[in-house]
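In the two complexes that follow, chain A is the common piece, with chain B as its partner first and chain C second.
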Partner chain A sequence: MRKERLAKLLFGIGALALALGISTLVLLAAKAPPLAAYANIALGALGSWDVAANVLVSWVPLVLATSGLLVTFTAGLWNIGIEGQITLGAIFATWALRALQGAALPPALAIGLAFAAGMAGGALWALLTGALRTFGGVNEIFGGLGLNFVSTALNIWLIFGPWKRPGVASMSGTVPFDKSLWLPTLAPGSRLAPASLALALAGIALVFVLLRGSYFGLRLKAVGRNPRAALLLGIPAERYLLAAFLGCGLLAGLAGAVQVTAVYHRLIPSISSGYGYLGLMVAMLASNQAPLAALVALFFAALNVGSIRLPIVLKLDSSLAGVLQGSLVLFFLLGQGARQRLLERKRGGRP
Partner chain B sequence: MDVRVELRDIEKSFGPVKANAGISLDIPSGSIQGILGENGAGKSTLMKVLSGFIRPDSGRILLDGKAASIGSPADAIRAGVGMLHQDPLDFPPLRLVDDFVLGRPGGIGPERRSAAAELARLAGRFGFALDPEGYVDALTVGERQQLEILRLLWIGARVLILDEPTTGISLPQKEKLFATLRELASEGMTVLFVSHKLEDVEALCDRAAVLRQGCLAGEAEPPFSSEALVSLMFGKAVELAPKRRLEPGRSVLAAKGVCLESPRLRIQDLSLCVRSGEVIGLAGMEGSGQALFLGACAGLARPVAGSFCLEAEGLDMTGRSHLDYKRAGVAYLPAARLEQALVPGLTLGEHFTLAEGGRGLFVDRKAAAKLAEERIAAYNIKGRPESRIEELSGGNQQRALLALLTSPLSLILVEHPTRGLDIESTIYIWGKLKERCAAGSSIVFISSDLDEILQYSDRVLVFFAGRASPPLDAASLDVERLGGLIGGKGWDEIEGKAGRA
Partner chain C sequence: MTGDVLIVNLAGLLASAAPLIFAVIGETISERAGVINLSMNGMILLSAMGSFSVALATGSLAAGFLAGAAIGALVALVVAAAGISLRQSQVAVGFVLALLCRDLSYFLGNPVMGQVGPRLPPAPIPLLAGLPVAGPLLFRQDLMTYLSLLLVAGAWLFLFKTRPGLVLRGIGEKPEAAYARGARVKALRYLYTVLGGAIAGLAGPIYSLSVKAGWKGSISGLDGLGWIVLSITIFGGWKPFRAAFGCYLFALLQWLGLVLQPLLPGLPSQVLQVAPFPLMILTLLLVNLGKAEWVERSLATLPGPARRRLSRVLRALNATPPAALGTPFEED
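== the complex of A and B ==
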C-alpha cells in the first residue's frame, strides 16, 4: 500500500515536471524568459496580502464547483454541464437580489435568500441534465454541453434585454446592486468575503464526509463503478444518479451566487469564468480525493491569479496558466494510464 | 480454388485457461468440415486463430502444404481465409453495396457501380434476394449472413469459416444456406462449419471433428452416430451420488405462459412452477434462452406476455423491477461476477455494508467491520475486509457473492455457479447453496456442465434455440440423453410425452 502511494507521488511529480517542460517550451517559442515568467507568476500569486487574498477569492468558486464535481464523478458522471449550472446559479441569485432590493429586508436575509435561489437555479439546471440522461437516454456530456449554450444565451439575453442598464445595454453587465446587498468583505476594497470562504470550506467538508463515511456515498460509489452490480445489490441506481446531479447543482449554483453577491455585485456575461471546466481538471488531478482537491484548487487559483501579472510585466498573455494547468492534467492522466499498463504487464494478465 | 487446410499443434492460453491445447487437424479441399464441441471447448478460439483474429501461442497453419503466416484478419483474407462470425460483422447503417465494397483492398474511390453489378450477379447465382441499394439494418440475420458470404467470396475467400451460422435464421434460410455451402464445396471451396447442433452437422458435413476442453476429442465420418458424437462432446458419464427424493413443497415462483424476446431469440409459452427447497437446473447451449428466462425470473427482463407470481406471497410480479423482486426475497447471481455482480474498487467489507443496506445516514464502521469478519469466516473467504474485491481469486469472489446474499430468501437464481472454479471451491459453493435449500430457499441455476446439472438438480429444463422442455425429473436423465436434448435430439419424444400427459 505504501509503495503504491509512493509510486503515485512519483508519477505526480513527473507529470508536474513534464508540464513545466511543455510550458517552458511554449515560453521559449514565444521568445520569453521562462524563469522570469515563473517568478512573476509566483510573485503575482503570493507577492502581497492583496494578491494572496485574490487567490482565495478565485479559490472559493473553484472549490465549490470542484466539490460538486466530486459527487458526480463518484457517480461515474461527466458533468460537463457544470458551467451552465454555475451560470444559472448566478442568474437566480441576481433575480432574487433584484427582486428584494426594494423590499425592506435585513441585508443578511436578502443575501441568504439570494444564495438559496442560486442553489435552486444550479440544481434545476443539473436535474434537467440528469432527467435527460435517466429518462431520455441523452448522455450527460451532450445534455450538459447543450444546456451550457442555452444558459449562456439566457444570460446574455437577460443582460441585454430585460435586465439591461438604463440607457444603453453593455457587456459590463447589469446595474450593480445596492452596496448594502454586497457580501461583507474583510477590508474595504477587498473582494474576499469571510462568509464565502466559510461556505467553500463547508462545501468541500460536507462532500468529504458524505463520500467517506455515509451510506449515500458508498452507494453512490457502487452506482458509479458498476451500475449493474449496484442494481443487483438492491440500489436504485437512477435515483442515486439524480441525487448526484442534484448535489452537484446545489454546489455549482452556490458558486454562481458567490460570484454575483461577493465578487461582481452584478450579473456579467461570462459570470461562470470557466470555473466549471477548471473544476473538472482539478477533480481529475486530485483523483476524486476531497482534501487533495482543495489543495489542487488552491494551486490552480494561484496560477490563474499569478498569471495576471504576465501581460503587465512581460507583455505575455495570461493564458500561460491554462497551458500549465491543461498539460499538467494531461500528463497526470497519461502517467496513470502508463502505470496501469505497467501493472497489468507485471501481473501478466490478458492484454 | 482448392485449398487444403492443415492445423499443426495449435496452442493458445488465456491466463491459466488453455483454450487450445495442441490441436492438429487436416481438412481436405472441397469438403465441409464440421467442428463440434460444447461451450468453452475451444472451437471459436481455433477458428479465430485460423482467421487471424487471435495469434496462437505456438503451432503452425499450413495452406496447401505451405506455411501461412496469419497475424491479422487482413493476412487471413490475403491467404484466402474468410470467417463468417456468429454476429455478422457488418455495418447496419450502410447500404448493402457500401458494406460490400468496404472490406475490399484498393483505391480511394470504391467502384460502386461495378461492385453493385457484381453483388447482384453473385446474389443471382445463389438465388439470394438482396438489393444492392437497400440498407443493411433492414435485413434479417439470415440475409446478413448471405451478404457476408457473398462479400467473402468476392474478396477471394477460398476457405470459408462459419461460426454457429444456423442460430437465429429461419428454416428456409437454413436450407438455402446448406445448399449454397454444398455448391461451394463442390467447386472446391473448403468449408469449416462450427456448430453445437448435431442435426446440422449430421445433415451437412462430410466429416466432423469434436473438441473437448481444448483438445481434439475425436473425428467422425458419415454416417454419423449421434450417441458417439455426444459422448465425444461431453466425455464419459460419471457415477452420481444417490439423491434424496423431494417432497413437493409450497410453490415459490409460478411462471405462466411466459413469452420473451431478444434480438436473436424468442421464447414462447414457458410455464414453470418452482417449489420451496427445490433445485432446478437449466441446461442448454449458451444463448439458447436459459439466461433470458432466468433474468426474467428476477425482473431483469420484461416478458412480452405471460405472468410471474411469487405465490407464497400471493404476489403478481409481472412487469415489476428487479428491486421489487429483491424486496420479495429473490436474489440473482450472474455469471460475470466482476462485471455484473461486484463493484471493482470497493472492498469486501464495503460490499457487505452495501448488501445489508443499513439504516441511518452514516455507516457504523465498527458494526460493519464485525459483520465483514463474521461473513468472511463463515464463508471461508481468503481475503480481508479491506481487500479490494477484484484482488480476490475467482473462487473467493464466488464465495463472497454467496456471502452477500441476505436472509431469508425465497428464491436464488444463479448463472453458472461454479464456472471457472476448482474442485474444492465447487464443492464448497454447492454445500452452501444446499444449506440455503435446507433453510427453505429454492434455487434455479444455469450450467453448461452436464454433470453439475444432473448431480444437483431435482428437475431439469432443457433449452434449445429458444424452445424449453417441460420440467424433466433429473433422475430420469443421463449425460447421453441430456447431451442429445441440448444438441436438439430426442425432442419429439419429450414433447410427445408432455402432450399426452
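== the complex of A and C ==
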C-alpha cells in the first residue's frame, strides 16, 4: 500500500516535470526566455500581499466549482455544463440585487438573498442538463455544452438589453451595485472578502463529509461505478443522478454569485471566467479527493493570477498558464494509465 | 432577394460548411471505429493557427494544409494512445486536449496575429462554371469545397460499400466479434482515429486560409465550433450524408443569424451568433427522444394511426451510437 502511494507521488512529480518541459519547449518556440517567464509567474502570484490576495480571490470560485464537480464526478457524470451553471448563478444573484437595491433591507440580508438566488439559478440550470439526460437521453456533455451557449447568449442579452447601462450598453457590463451591497472585503480596495473565503471552505468541507462519510455519498459512488448494478441493489439511479446535478448546480451557482457580489459588483459578459472548465481539470488531477482538490485549485489559481504579468512584462500571451495546467493534467492521465498497465504486468495478467 | 443573390448566398453556404464537413466526417470515422475524439474544439483552433503560421512562413498553401492535417493526426494520436493502449477515459483525455490545444494556439499564435497571409483562390471548373445556376452554385468554388463534397460521398462508399469499411464498423460495434474474425482491433482503431484526426485537422486551414482567412487569436470566432462538430456527429447518426446535412443546416442557421440581424435591431448581434448552438442541442433532443422510455409509454396511449405516424417520425430521427464507442478493448 505504501509502495503504491509512493509510486503515485513519483508519477505525479514526473507529470509536473514533463509539463514544465513541454511549457519550456513552447516558450523556446515562441523565442521567449523560459526562466524569466516562470519567475514572472511566481512574482505575479506571490510577489506582494496584494497579488497573493488575488490568488485567493480566484481560488474561491475555482474551489466552489470543483467541489460541485466532485459530486457529479462521483456519480460518474461529466458536468461540462458547469460554466453555464456559474453564469446562471451570477445572473440570478444580479437579478436579486437589482430587485433589492431600492428596498430598505439590511445589506447583509440582501446579500444573503442574492447568494440564495444564485444557488437557485445554478441548480435550475444543472437540473435542466440532468433532465435532458435522464428524460431526453441527451448525453450530459452535449446538453451541458448547449446550455453553456444558451447561458452566454442570455447573459449578453441581459447586459446589452434589459439591464444595459443608461446611455450606451457596453462590454464592461451592467451598472455597479450600490456600495452597501458589496460583500465587505478585508481592506478597502482589496477584493478579498472573508465571507467568500469562508463559503469556499465550507463548500469543500461539506462535499468532503458528504462523499466520505454519508450514506448518500456511498450510494452515489455505487451509482457512479455501475448504474445497472446500483439499480439492481434498489438504488433509484436516476434520482441520484439528478441529486448530483442539483448539488453541483448549487455550488456552481454560489460561485457565480460570489463573482457578482464580491469581485465585480456587477454582471459582466464572461462572468464565469472559465472556472468551470478549470474545475474539471482540478477534479481530474486531484483524483476526486476533496482536500487534494483544494490544494490543486490553489496552485491553478496561482498560475492564473501569476500569468497576468506575462503580457505586461514579457509581451507574451497569458494563456501560458493554460498550457501548463493542460499539459500537467494530460501527463497525469497518461502516467496514471502507464502505472496501471505496469502494475498489471507485474501481477501477471489483469485483475 | 433576386435569384442571383440567392445563388451567391447558397454558394457561400457550401463553402462555409466545408470545414465543418471535414471535421464531422473525420470524427464520424473515428467514432465508427469506437474512439471518441473530444479534442475537436482545441484541435481545430491549433490546426487553424498552425497551418496559418506555416503558410505564412513558407508562402505555400499546400504546406499549410499539410500542417493542419498533421496537427489533427498528432492530437488524435494522443487520444488513441491514452484511450486504446493506456485505457484511460477517452472523454477525459479529449477534454483536456481541447483546453490545452486552445491555450497553445493562443500562446503560439500571438506573433502571427492579425497578419495577412496567403488565401485559397477559387478554382472555377472550365466549361461547367459557365452553366446557368449550377455554374455559380457548384463549379466556381475553391478546391477544398469540391473536396468536401467528394469526401461525404467517399466516406459513405467506404463505410457502407467496401470490406474494410465493414471491418471499421465492426470494430466500433462488436470488437470481440471482429477480433474473432481476424481483425486487428487495436491497430485498426489507431489507424482510423489518426486518419479521422488528419481529416478533421483540415478544418483548421480551411478556416484560416480560406473561409475566415487569417488568425485573430481569441476573437477568431472559431472557439466553440469544435463542440458543435461533436454534436453534429451525433445528429448525423454516424452516417456521412446525414452528417453533411447537419453541417449545411448549421451553416444555414448561422447565415440566417447574419441576415436577420438588421431586422431585429433590439437584439445584440452576439445573441444571434450563438443562437444556432442551442438549436443544435434541440435537434439532439429530437434525435434521442425516440429512445426514452417515457416517450414509448406515452406513445402507447395514443390512438393507432397517430401513434404509428409519430413513432415512424421518431424512428427516422433516431440515431444509435456505435455500441463499443468510448470503451477500450483488450486483445487476448
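We take it that the second predicted complex is superposed on the first by the 349 of 351 C-alpha atoms of A that agree within 3 Å, B and C clash if a C-alpha of one lies under 4 Å from a C-alpha of the other, contacts with A are read in each partner's own complex, and residues count from 1 in each chain.
In this text, a residue touches a chain if its C-beta (ideal position, glycine included) is under 8 Å from a C-beta of that chain, and two chains touch if they have at least 3 such contacts.
Just so we're clear, the structure is a prediction, and the values are computed from it rather than from any experiment.
Novice: Would chain B and chain C fit next to each other on chain A once aligned, or clash?
Specialist: Clash - chain B and chain C, as placed by superposing on chain A, overlap.
Novice: According to the contact criterion defined above, which of chain B and chain C contacts more residues of chain A?
Specialist: More residues of chain A are touched by C.
Novice: Counting only touches as set out at the top, which of chain B and chain C does A:L105 meet: first, second, both, neither?
Specialist: A:L105: touches no partner chain.
Novice: Which partner does A:R219 contact after superposing on A: first (chain B), second (chain C), both, neither?
Specialist: In the superposition, A:R219 contacts chain B only.
Novice: Applying the document's definition of touch, where does A:L46 land relative to chain B and chain C: first, second, both, or neither?
Specialist: neither
Novice: Once the shared chain is lined up, is A:L246 touching chain B (first), chain C (second), both, or neither of them?
Specialist: So A:L246 meets neither chain B nor chain C here.
Novice: Mind working out whether A:R228 is in touch with chain B, chain C, both or neither, as first, second, both or neither?
Specialist: It touches chain B, and chain C stays clear.
Novice: Between chain B and chain C, whom does A:P236 touch in the aligned arrangement: first, second, both, or neither?
Specialist: First partner only.
Novice: Could you say whether A:F135 touches chain B, chain C, both of them, or neither, answering first, second, both or neither?
Specialist: second
Novice: With chain C in view, single out which of the stretches 78-86, 96-104 or 258-266 of chain B clashes with it after superposition.
Specialist: Superposition on chain A puts chain C right on top of 96-104.
Novice: For chain A, which residues belong to both interfaces, chain B and chain C?
Specialist: Touching chain B in the first complex and chain C in the second, residues 350 of chain A appear in both lists.
Novice: In their complex, what parts of chain A are in touch with chain B?
Specialist: Spelled out, the residues of chain A in touch with chain B are 213-216, 218-219, 221-222, 225-226, 228-236, 349-350.
Novice: Within their complex, state which residues of chain A touch chain C.
Specialist: Where chain A meets chain C, its residues are 26, 29-30, 78, 80, 132, 135-139, 141-143, 145-147, 149-150, 152-153, 156-157, 160-161, 169, 277, 280-281, 284, 316-317, 319-323, 325-327, 329-330, 333-334, 336-338, 340-341, 350.
Novice: Any idea which chain C residues touch chain A in the complex?
Specialist: That would be residues 38, 78, 81-82, 85-89, 91-93, 95-97, 99-104, 106-108, 110-111, 217, 224, 227, 230-231, 234, 266-268, 270-271, 274-275, 277-278, 280-282, 284-285, 288-289, 291-292, 294, 330 of chain C.
Novice: What residues on chain B touch chain A, complex-wise?
Specialist: Touching chain A: residues 14-15, 322-323, 326-327, 332-334, 339-346, 350-351, 353-355, 357-358, 360-363, 365, 404 of chain B.
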